[in-house]
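In the two assemblies presented below, chain A is common to both, partnered first by chain B and then by chain C.
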Partner chain A sequence: MIWVETLINGALLGGLYALLGIGLALVFGVMRVVNIAHGEFMVLSAFCAVLLSSLFPQVPPLLMLIPVIALSFAVGWLYQAVIVNRVVTSPDPLSPLLLTFGVSVILRNVMVEVFGADVRSLQVGELSRASLEIAGLNIGIMPLLTLVLAALLFMALQLVLRHTEFGRIVRATADRRDIVRLSGVKPDRVYNYVMGLSLALGAIGGVLLAVRSSFTPFSGAERLLIAFEVVVLGGLGSFWGALLGGIALGMAQLIGLKIDPNAGLLYAHLLFFIMLLIRPSGLVSSRV
Partner chain B sequence: MALLDVNGLEIFYGDLQAVFDMNFTVADGEAVALVGANGAGKSTFLKALVGLNEERRGAVLFDGIDISQMPAEQVSRLGLIMVPEGRLLFDSLTIEENLLMGTVNRRKGSWTLRRVFDLFPILEERRRIFPGQLSGGQQQMAAIGRALMSNPRLLLCDEISLGLAPVVVEQIYRSFADIRREGTAVVLVEQDVKRALATSERIYCLLKGRVSLTGPAQGLQPEQLTHAYFGN
Partner chain C sequence: MPTRTLLLACCIVLIAVIAGAPFVLNEGFLRLATECLLLLTMAQMWNLLAGYAGLVSLGHQVFIAFGAYALFLTSGWLEVTPIWVLPVAPLVAAAVAAIIAFPLFRLRDAYFSIAMWVFAEIIGAFTMKSQAVGGTSGVPLATSKLIDFDWFEPTMFWLAGGLTLVTIAALYKMMTSSFGLGLMSVRDNDLAAMSVGVDVRHNRFIAFVLSAAGCGLAGALSFMGNLFIAPLAAFDVNWSVYMMFIVIIGGIGTLEGPILGVIIFFGLRELMTGPLGLSGGWYLVGLGILAVVVMIVAPRGIWPALRDRLGVRLLDVHRAAPRPATATIPPGVSERVTG
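Entry: the complex of A and B
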């Protein structure tokens, strides 16, 4: 019974991990750019949520998600328009990698300067400890909410990409950047929206992760690693794959912790490593 | 006044010049053939017109508007629409979605999904299928359909018969009667010179990046054309 509980909690944690990965997958799927600064942006959004909830202590901390999401969208839009669009068509794949890496270093140091290097977390009070008892299983409310939210967001994203004109334009731009221009589409503008969306999704993951575990300005690399593993494990550019990948990682981590309480993320990384060896194309191999 | 008026256009590929001192006009509703050997600069010229090749110099007026330095997405909104060589459909969009991409530039006109399906009924049957599962001819119809959805004033067709069976080419060319009935002007870039001449009113022949012959498509002397096409 205790193992069933572990598996369920792992799956719930996986929903959160999937949220970390989805933004990275979206940007990679559409513009073939790995945004190395994705982790730092997630940490930045967590800092914003902590700052906002200390300024407005009477507002429930989770409601801070709304302004943080809006802010992250705007930051992503600007980040793409001012910085990433300069290298997105570069024939050298190293250029976007180096540029976004540079941004991640700068962001990390700016965060140390502004927020200090202390360990923080987002306090949501009772909610973080509340749990449900179903058939003798102890299920945390917060992780359950997170997985439900992740599933809803994945569905919404899928709906937008499949059934709206915006979605068609995004997919067409991913296919043929030049030819969409013949239909009156400005590819750079599409990229701006996609990066905005990516960081908004990352912000949701970043803030929810800040509820679960503490963070510092240096936590970005760890978050990026999880996001990266989720995306590669799921299959590059596949959204449902990312959800599966997240769940697999979450389960591996909690099973690992059960066996060895000092393991941390070791077993999740091991799962990733083994999967990379036996199935490098990921669980689901399809594009956007 | 001509719908398209190109004067002294020079087009470059890095350090190389691909097209020299090009003069080219298309009247409203006219069909013009642009022929020439491989590498004569036909496709380069079309790409420069719609703004996909940015290294160009010279005057290009479309409907009186200077488009010589205009980016492709703006040119599209004026109704100068290209069917690119090799179809270049969007692979992760269904046929219907590919056609709908033509409406993104928001040009009003008589072409709708319904009318494109009437023109090429096979596309309606295949509307939910992805381009990869279509034959070359059906893909070409979809590419033309996508351009028509933008309600073009001038339609630029780059090698639309390339690699297709003669029966299919015949069918596609028959559709031009319908397309031109709307008053749409057409520029046909073709390897198949005979077909291009039969469908057009005027012809331009390119040789090594220069216009080597221009005039009415009918009554052209074969040796005159051979000379213009191959040079000496």
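Entry: the complex of A and C
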């Protein structure tokens, strides 16, 4: 019974991990850039939420998601417009990788200097401890809500990309950046919106993860690695794949923690590495 | 050839300077110089992989850690002065690289970079769990009592200086050989390189293993100087950050670039943490901003931009395309070919 509970909790955690990965997948699918600074932006949004909730203690902390998402969208838009767009068409595929890695180092150290290296978390009071009892299984309300939210967001994203004009423009830009210009689309501007959307999704994941576990300015690296593993395990470009990848990683992590309480992310990393060995064909990329 | 004589003369002067430096410099300065030289070697090794083989590794700290732990453990088991077991460090790092290359070489570009990072995280986590190698608290150098501390700093400096000179000379030799030409052709256009018979995988494999071996040796020397090793320091992703920033700022894919990069790296550090009184975090922010600006303004780095402007060539491994033999070209097309 305890193992069933572990598996269910792992799956719920997986919903959160999928949220971490989806922003990364979106940017990669549209502009072929792995945004290494994605994890740092998530941590930054968590710091913003903590800061806002200490400024306005009477407002429920989860409502802080709304301003933080808006802020993250703006930051993403600017980040793409000012920095990433300058290398996105570089003939060398490594330029965006190195550039975003440089940005991640800057962000991490600015956060260390501004917020200090202390361990933080976002307190949501009763909600974080509330749980449901179904057939003798203890299931947390907060993780359950997170998984539902992740599934809803995935559906919404799918709908937007499939059936709206914005979605068509994004997909067309992902396919042929040079050809969409003939229809009056400015690819750089589409990229700005996509990066904004990606960081807004990252902010949701970042803030919810800050509720679940504590963070420091150095947490960005592990958030990025989890996000990347989710995307690769799920098969690039597939949103539902990302959800499955997240669930697999969440289960691996919680089973690992049951066996060995201070394992951290080791078992999630191991699962990823073993999958690389036995199923490299699953790594073949496809577009959004 | 005059350039050859010039290089040889430079080499002799440098050897003399390195041999004499410990008698002139004080201990603190000598330590700093040793650190500079070791980081320069690591940056050259990272550059061999990124600048010449086109593989960006974000997990190169794992080879530094493997080299350093190999040195500490073997020296402890055999109970000999650590200097005599130094060759173990590059061998272990190279062996690890040769094994890990098989799964990793299936991946390209960013996948390779991040999978390397995940690999480093996994090994780091196992090291912290294993009590045999000291767990999270790390291990001191068991044979440090065998070291002659009167000559320790100068010896470390000589080893670091020798390693740096040998590395740069070997890289120069390699890049002017047919292997180097093959490597650079893969970087510039792998499809074209394959079509003229260059074995892409084989070239990348050799560059990867050599790069790991060099980092292993430099890492072993670095931690030997500290007489202590702990996993948080050995598996620190900042090793990769430093190597990358030095190469990017100085000039990726050139031998002179990392030299310039190391000068900027340490110059900025001494300036910002010394006279300006800023913390190490702000220093990394400054360095990161410099790297990002360089990547946007001069994507090949500062040295190539300077070189083109000044027309200076030091350790240049570029080759001019052979001039078409005028006699064999029909008069009608010769203008198009040469123009």
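In this section, the second predicted complex is superposed on the first by the 283 of 288 C-alpha atoms of A that agree within 3 Å, B and C clash if a C-alpha of one lies under 4 Å from a C-alpha of the other, contacts with A are read in each partner's own complex, and residues count from 1 in each chain.
In this section, a contact is a pair of C-beta atoms (placed from the backbone, for glycine too) under 8 Å apart; a residue touches a chain by one contact, two chains touch by 3 or more.
All values reported here derive from a predicted model rather than from experimental measurement.
Of the two partner chains, chain B is the only one touched by A:I179; chain C is not.
By the document's definition of touching, of the two partners only chain C reaches A:V103; chain B does not.
Contacts of A:P93 after superposition: chain C is touched, whereas chain B is not reached. Of the two partners chain B and chain C, more chain A residues are in touch with C.
Across the two superposed structures, the residue set of chain A contacted by chain B and also by chain C is empty.
Residue ranges of chain A in contact with chain B, taken from their complex: 165, 168-169, 171-172, 174-176, 178-186, 287-288. Within the complex, the chain A residues that touch chain C are 34, 36, 83, 86-87, 90, 92-95, 97-99, 101-103, 105-106, 109-110, 112-113, 221-222, 224-225, 228-229, 232, 260, 262-266, 269-270, 272-273, 276-277, 280, 283.
Residues 50-52, 71-74, 76-77, 81-82, 84, 88, 90-93, 97, 100-102, 104-106, 146-147, 150 of chain B are the ones touching chain A in the complex. Residues 50, 54, 56, 58, 103, 106-107, 109-111, 113-115, 117-119, 121-122, 125-126, 129, 237, 241, 244-245, 248, 279, 281-282, 284-285, 287-289, 291-292, 295-296, 299 of chain C are the ones touching chain A in the complex.
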